[in-house]
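Below you'll find the structure I mean.
The letters A, B and C name the chains in turn, as written, and every chain counts its residues from 1.
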Amino acid sequence: MLSEQDLQTIVSDITDNYKNEELFQRNSGYPMPNRDQIIHIIMGLRQIMFPGYFDEEQLEHTVPEYFLGHNLMRIHDTLRSQVYFALLRHSSKEEKARTLQRADDICTQFFQSLCDIQNLLLKDVDAAFNGDPAAKTKEEIIFCYPGLFAIFVYRIAHRFYQLKVPFLPRIMSEYAHDHTGIDINPGATIGEYFFIDHGTGVVIGETTIIGNNVKIYQGVTLGALSTRSGQLLRDVKRHPTIEDDVTIYSSASILGGETVIGKGSVIGGNAFITESVPAGTRVIAKNPDLTFTERGEGNDLFD
Amino acid sequence: MLSEQDLQTIVSDITDNYKNEELFQRNSGYPMPNRDQIIHIIMGLRQIMFPGYFDEEQLEHTVPEYFLGHNLMRIHDTLRSQVYFALLRHSSKEEKARTLQRADDICTQFFQSLCDIQNLLLKDVDAAFNGDPAAKTKEEIIFCYPGLFAIFVYRIAHRFYQLKVPFLPRIMSEYAHDHTGIDINPGATIGEYFFIDHGTGVVIGETTIIGNNVKIYQGVTLGALSTRSGQLLRDVKRHPTIEDDVTIYSSASILGGETVIGKGSVIGGNAFITESVPAGTRVIAKNPDLTFTERGEGNDLFD
Amino acid sequence: MLSEQDLQTIVSDITDNYKNEELFQRNSGYPMPNRDQIIHIIMGLRQIMFPGYFDEEQLEHTVPEYFLGHNLMRIHDTLRSQVYFALLRHSSKEEKARTLQRADDICTQFFQSLCDIQNLLLKDVDAAFNGDPAAKTKEEIIFCYPGLFAIFVYRIAHRFYQLKVPFLPRIMSEYAHDHTGIDINPGATIGEYFFIDHGTGVVIGETTIIGNNVKIYQGVTLGALSTRSGQLLRDVKRHPTIEDDVTIYSSASILGGETVIGKGSVIGGNAFITESVPAGTRVIAKNPDLTFTERGEGNDLFD
């Protein structure tokens, strides 16, 4: 068994870390936002956005106004405290007095966007159904398509990003990333009828701009050219612009803040693009030459 | 705080969406399948398939027949209602009367396949152990290899796909996709001794056919050439055929419904293949030419 | 409903599998390690490593020594039994008597490493903040960056790998793989200030060696050349060595046990490398040639 003396040494060493590390110190007095509560908010909003799909109860046994009013108020209370805690940790002393008022304003503005967000999501469901021959029904898309889930969380997180709430947007988007393998930074700007198929490995950077009716496959990166300068690049447009009606096939990379993919273009699988492409272009990456040999001939690269 | 008037406007706007949107309306009277229940079914089946690995209790303190009988009946009841609800939502008025009988028939046929599915899974465990030098024991593979988990869920979901149950197969396969990054459409046909190593980013499309003793690495896509025609392509063979004894290394893409990878072939990493390959061929993608420069020379593409 | 006779046949067939399959038999008498308990250990250790970020309670209302002492002892008891069970299953008859003593020694050694692991993790947080212009604060990194979570779990799992505990390291690393899409084998050796950005699809093999201040993007594989020989390759160095201050951009593959990427090199996106690279080199994969055509011209490859 761990001896008492060993335990005391371990506790004392780690306590020193606690005392010396700024990241563990400046918390005092103010609670941190709570990741679990923020996930509860996402799940509650999903029940509101897609009534009847993720509820325990059957919706037809209740009045929609009661269901909505009750659920909205429940989410509101959790949201209000999480926004308040998040703001507090980034407030100067003078701002702290006004923080609760700011949290209330933010919550009101957020809830006023909900109906618009729901309308956007219904268009995203249409885009998924029309874009995927394997989709049996729109209901299946709502129930279990990871692309739709990632887009739903993005549309919520993006609103909090616009409202300048710290922590919440990224905690939300990383929750979706965890479950879908799709990493959409909440700062990205994304239009209507957006569809991501399969989705694992997709990365959409913070300053990306995406138009309407865009379709993206697994493994696509909309990224930066270089991040060597680190924090100096903050707020610089580092990621590309994708205009309306563009399709980007699997594992294509489109990099750079000045790169624009023109309206109606199609980017083939594995293409690697660092310069703009005019509207209406089909870009196909020449496949790497293939060598065909009979197995058994000496080569241990792939065997 | 959110004012009463604001709340009323929000509730009223979203309620209008509820009333106008077909996706939220046609539910009435029939419960929806429940995603959580379907996940419980998967987890219960995993305990049956791999006794002693995922149970709370120790198996040696019980009689196998009791353990099995009890667990099967418990799963059966949940499964029966979920299959019933799923069928109901896709039944015409005339069919509804026979739906419970159909659900019962499906459950019986499914349970009658369980022993065969278990035998297949034991072969998949062998394939993983023989194929991966990092595997310490077969038990480790059962405990935590994501490839085996994805294949287990696929073999279950595929059976429900064959039995023409709506919703369940895809909800199951997306649960595995969430946890493993491996996206196997339940419609795919996959033989014995199948092994997926690492697995993140693997996509196996609905009409793919895979033979026996096939090994696949992370990032491999077995996909369609184009999905531009959307729902018009439903039920067309859009994905490739992989014959027996084929190995496909990481991030290779094999596309198209008429593409056949012949028996015993090896496909190298990053290969991009849209045409058939004869049996016994080793296909290596010529690596893209590499440029070597000293760092510090001007180039901001990657730095 | 499933008839009694059908049920009996199914139960009897699967019971035969239970009796005939070694994997389900040799468990008897000794409990298996429990995956849920092992995940509890990880989560408990995360609360200790990052106090105030993942706790229910507010830390300032307690004395750090009490918080730590209490949590350490709680984790210790769970860990001790899991290590004991894991060792038991791999002990010869003669070793079994000494197994509890071995488990105690391992637990003591593990806890004695905790303070060092915490110091490493604080450096990893710095590396992430300095390397990512999208990072708003270091707190955000602790809260939700998947790269940091994967590295945290790796540093814990690697310690148990060093201490030769069966099962636990891989169960831990696959838990992180599940949540992040980042697959770091617990056997890999990784230095200080390690950062993985986005991360989905990253694979770092068992015998990889990584120096200090290395930065890796999504989709990077540090892998083996061929695994055809399966279990015969166990304990052979099959994966590359990455020296200090190297950056590896997205979807690059570096393969082979003798491949060394020299200090300070930069590997561009999509590069495919199977031979060593001298220190201070920038390696850029020539992009595949792109074909630009107007859409509508005949081609169904990507459309």
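A few points about this structure:
FYI, a contact is a pair of C-beta atoms (placed from the backbone, for glycine too) under 8 Å apart; a residue touches a chain by one contact, two chains touch by 3 or more.
Just so it is clear, the structure is predicted and the values come from calculations on it, not from any experiment.
In terms of inter-chain touching, the protein chains here all touch one another pairwise. Between the two copies, subunit B and subunit C, the C-alpha superposition involves a rotation of 120 degrees in steps of 5.
Put simply, the C-alpha centre of subunit A and that of subunit C have 23 angstrom between them. Listed for subunit B are residues 181, 200-201, 219, 228, 247, 251, 269-270, 274, 287-288, 301-303, each touching two or more other chains. Within the complex formed with subunit B, the subunit C residues making contact are 1-3, 6-7, 9-15, 17-19, 21, 23-24, 27-29, 31-33, 35, 89-90, 166-167, 170-171, 174-175, 177-178, 181, 183, 185, 187, 200-201, 203, 205-206, 219, 221, 223-224, 227-234, 236, 238, 247, 249, 251, 253, 255, 264-274, 277, 280-288, 300-303. For subunit A in complex with subunit B, the residues that touch the partner chain are 48, 50-54, 58-60, 64-65, 68-69, 72-73, 76, 80, 104, 107-108, 111-112, 114-115, 118-119, 122, 125, 129-140, 142-146, 179-181, 197-198, 200-201, 218-219, 225-226, 228, 247, 250-251, 269-270, 274, 287-295, 297, 299, 301-303.
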